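In structure tokens below, several structures.
Two complexes come next, and they have one chain in common, subunit A, joined by subunit B in the first and subunit C in the second.
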Partner chain A sequence: MATVEVRDLRKRYHNFLALDGVSLKAESGQLVTLLGPSGCGKSTTLRCLAGFLEPNGGEITVAGESILSTPANRRGFGVVFQNYALFPHMTVAENIGYGLKLQKVSKSELTSRVNEVMDLVRLDGLSDRLPREISGGQQQRVALARALVLKPKLLLLDEPLANLDARLRDEVRWLIRDLQQQSGITAFYVTHDQSEAMAMSDMVAVMKAGRVAQFATPREIYQKPTERYVADFTGEANFLSCTDVTPQGDGRYAIAVAGTTLELGGVPGIASGAPAELLLRPEALELTMPESGTFRGTVTKSAFLGAALHCEITLPDDSILKLSAEPNTQVTTGDAVGIAIDRSHAWLMPKVAP
Partner chain B sequence: MRLPKPRLLLAVPAIALIFVFMILPITNMAEMSFRTTGTSEPFGEDYTLAHYSRIFGDAYYWGVLVRSLLTAATVTVLCLLVSYPIAWHMSKAKGMKAVFLYACIASPLMTGVLVRNFGWMIVAALNGPLNETLMALGIIERPLRLLFTQGLVILALVHVFVPFMVLPINNALRNISPTLIEASTSMGASRRDVFRDIILPLSFPGIYPGVILVYVLAVAAFVTPALLGGQMVSYMPTLIIGELTGTFQWPFGSALAIVLSLSTVIVVAIFTALTAKLMERSKA
Partner chain C sequence: MSDATSAFSHQRPVNIAFGILIILLYVFLMAPLVMIVGASFTGGLLIDFPPQGLSLKWYFEFFERQDLVDGLLMSLRIGAITAVVTMTVAMMAALAGQAISGRLSGWFQLGMTLPLLVPELLTAVGLLFFLYKIELGKTVVGLQMGHILMSFPYAYVSIAAAMRQVPASLEEASASLGATGWQTFRLVILPLVMPGLAMGGIFAFINSFDLYTISLLLKPLGGNTLPLALFDFLTYEFKPTAAAAATLSILLSILGVAIVQKLVGLQRAF
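Here is the complex of A and B:
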């Protein structure tokens, strides 16, 4: 298995800059997710890795060696497509065995390897079916088996769950993660679903307009995002504008926000007095008596969701905080409340252009 | 009483059309082929098998039949070879380029059959532009006798039937998802592997109708063999027309026509049977 490194990758279509210097690194056996909205360049990056697209600049190395001059059919990567791309005229077994047939492995080895991998993805008994005769979830598993049977150096997955319904999606997601970890294959996974990215990945690259906005572990992406875009894309988030940012050293800052002053951690390197935003995840906030919280505000919306009570609190400076309270909390619209914040889940970020 | 299903009602015009213009004439022709030869009329009163035994007992007619079927097969194969790359190119074209290509492809059909064939006579004449060009290029030293050869008949038929092959294949190629090509490439397939294992089988739903259309049209072609084939070689259609309108042997001409039709149906049926599995698998 191999370390894969992407450095300063650039791709231009006519006048559109699809990739504007993408850099990533997957350590051997890691699953790296490329997360972002459509058009952010995540699929383009994957297609450059697969060799379907030729980048205009930059470098891709596998185990330290450049692969850019290697054509797609000699890279030895497994690719799983969003629409599965199964060969409609070949049976399940023929689909899975196609790559082995091209490698001219013996008939007995082909059969045993195909059976082995079909067992692994739980496709027993479907060998002779055509792709159109099996369900979407089964088709997805054929696509996965077809990539895995070749023991690829790198597994590339392009939104493999997008066409499945919610229940199957969960099942296949864990199957993919299990197989990837068992076989220790380095993998790149493209998705626009943040929960998928969080649950499966060793590392997540949040992409924004052809660049990597942040490349870090799922925990860091969620708790210590480098900018609002990343925080927004990875879950529910409240943002408060801050003034009087004073660095305290060691990534800690003193700030003035919504009428109080706070000291907390943030993105390293924010300059004194620079515009900044405070990230408060809903779970970092707790309703208190009006006199005891960090902030005071007025409840402007509350909705009972069963497991939680969803509230929106308007602060004196008109900014809004969303939070989930214990479902039996007695609040109604118009109540004055206090909000306590868990400072270890509060995070200061520089204000950057969206 | 139950009303007929609307679906059946919708089929009535088609059924009526097929009945009046296909079933009736064919039945009539089949019946005619068993009539005796008339003396003062095109056909006689009685029925006979004589025409069929004359056809099957005479090596001349066997020869013409085999020549017709083989020529049509040659035309079909050449047409497929010429058309496939064109269809491939066309399936990649978009916008105005696609429109332009469609127009080019359809161009042989935009010329009347007589004009087109007289055109070939001029082009292929001893001192025609084709020979002059070849001589000017130094490829040949003296003019080739092209006119009134089987080769020219085949060339002219391929030319006019290309659209019937290109259009369905183009259609089938457009239906092949590009990700299938990427998928096979990622599994190690070279361009040749991709073509042989993915594109060719998946384009078969276009090849099949193209082959059938061109074969049937080529077997039945009359004007081109009559004008460009000359007097030396005969094909079934020229023979049939000769009997029907030249010597007014309607029963014998009908028997020849029935033999030709049945032979064609048999060839098509064999082709269909041989490719049934591929067709079943590759259809979308």
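Here is the complex of A and C:
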């Protein structure tokens, strides 16, 4: 298996800059997710990796060697497509055996390798069916098997779960992760679903308008995002504007926010007095008596959701905090409440243009 | 709600009217065929409908007329070559059309169907001058070229339509599994466009078999296609032999459709 490195990748279509200097690195055996909304360049990056697109600049190396001049059919990467891209005139077994047949593998070896991988993705008994005769989940497993049977150096997955319903999505997601970890294949995974990205990845690259906004572990992306865009894209978030930012060294800051002062961690390198905002995930907040919290506010909305009570609290400076409280908490609209914050889950970020 | 009820109450008369329209359409399409097929079996001496008695003598008469049989053989040969050549070239053109993107693509499509848009007579005159320039005027090769030119758009339209049904991701998937361009074409694209390709070939054949104007101008000395031979024949004799020849042509078309049905199924061809 191999380390894959993407350096300063650029791609331009007519007058649209699809990739504006994308840099990433997947260590051997890692699953790296490219996360972002449509049009952010995540699929373009993947298609450059696969060799379907030629970038206008930058470099892609596998185990230290450039692959840019190698055509797609000699890269030896497995690709799994959103629409499965199964060959409609071939049976399940013929689809999976396609690559092996091209390699002129002997008939007995072909059969045994196809059977082995069909076993792996739990497709037993379907070998003679045509793609249109099996379900979407099964089709995606065939696509996965077709790529894996060639033991690719790198597995590229382009929103493989997007066309599946919620229940199947979970099942296939774990299957992909299990197979990837068992075989130790390095993989790139494109998705716009943050929970998928969180659950499956070793590393996540959150992409924004053709660039990588942040490249880090799922935990860091969620807890220590570098900017509001990243925090917003990875889950529910509250943002409060801060003033009087004073660096305390070592990535810690003293700030004034919504009438109080706090000391907490944040993105390194925010200058003294620079505009900044405080990230508070809903789970870092807790309702308390009005006199004991960090903040004081008024309940403006509350909705019982079964497992939790969803509340919106308006602070004196009119900013709003959303949080989930214990479902049996007795609050109604108009109540004065206090909010305690778990300071280890609060995070200061510089304010940047969206 | 009231709209839905009124639509429902009107559904029956609308259905009946629609049915009648369809029947009229079929009568309009089928009447000439029925007339000519009927007339070919006449026992009388003139093309006549309903036929006077029943007889196969005009079919025997047809096969005894050397000029008509020569015309039939020439039309068959030219039609077959036209079908093979147009299928090959139109397949290549459709692949090229797929690769061209953006504004150029529309112009390319238009260019490929140009022989349909220009009057056949003008194409024929232009081609005649051109063929004389390259010293192929009034030769079988020249006539063959004219037929290929006039039949190409039919094959192209059919094949290009089939190509558009093949998602680009299939080619990418094939490449990612190690296939060269040629392997992808042979193993993935060709089997998937086969119905359209076969249909295109048969369209080209039938069109070539039917061409009159261009054949008239380009025909080699002493050679006639079946439509030309039939027209010459009808100029002097108004015998049901012509109806027999027409019926044979119809049979040939039915045979073509049957082959498509057998090979790929008509549903997939259209």
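Keep in mind that, in the parts below, the second predicted complex is superposed on the first by the 354 of 354 C-alpha atoms of A that agree within 3 Å, B and C clash if a C-alpha of one lies under 4 Å from a C-alpha of the other, contacts with A are read in each partner's own complex, and residues count from 1 in each chain.
Here is the rule we use: a contact is a pair of C-beta atoms (placed from the backbone, for glycine too) under 8 Å apart; a residue touches a chain by one contact, two chains touch by 3 or more.
Since the structure is predicted, the reported quantities are computational estimates derived from the model, not experimental observations.
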{"item": "Three-chain arrangement built on subunit A, subunit B and subunit C clash or fit", "value": "clash"}
{"item": "First, second, both or neither for A:G99, with subunit B first and subunit C second", "value": "both"}
{"item": "Touched partner set for A:L130, first subunit B, second subunit C, both or neither", "value": "first"}
{"item": "Subunit A residues contacted in one complex by subunit B, in the other by subunit C", "value": "50-52, 72-79, 81, 83, 85-89, 98-99, 102-103, 146-147, 150"}
{"item": "Touching residues on subunit C, where the partner in the complex is subunit A", "value": "167, 169-170, 172-180, 183, 187-188, 191-192"}
{"item": "Touch list for subunit A against partner subunit C, complex", "value": "50-52, 71-79, 81, 83, 85-89, 98-99, 102-103, 143, 146-147, 150"}
{"item": "Subunit A contact footprint on subunit B (complex, rising order)", "value": "177, 179-180, 182-190, 193, 197-198, 201-202, 278, 281-282, 284"}
{"item": "Residue ranges of subunit A touching subunit B (in the complex, touch as defined)", "value": "50-52, 72-79, 81, 83, 85-90, 98-99, 102-103, 130, 146-147, 150, 156"}
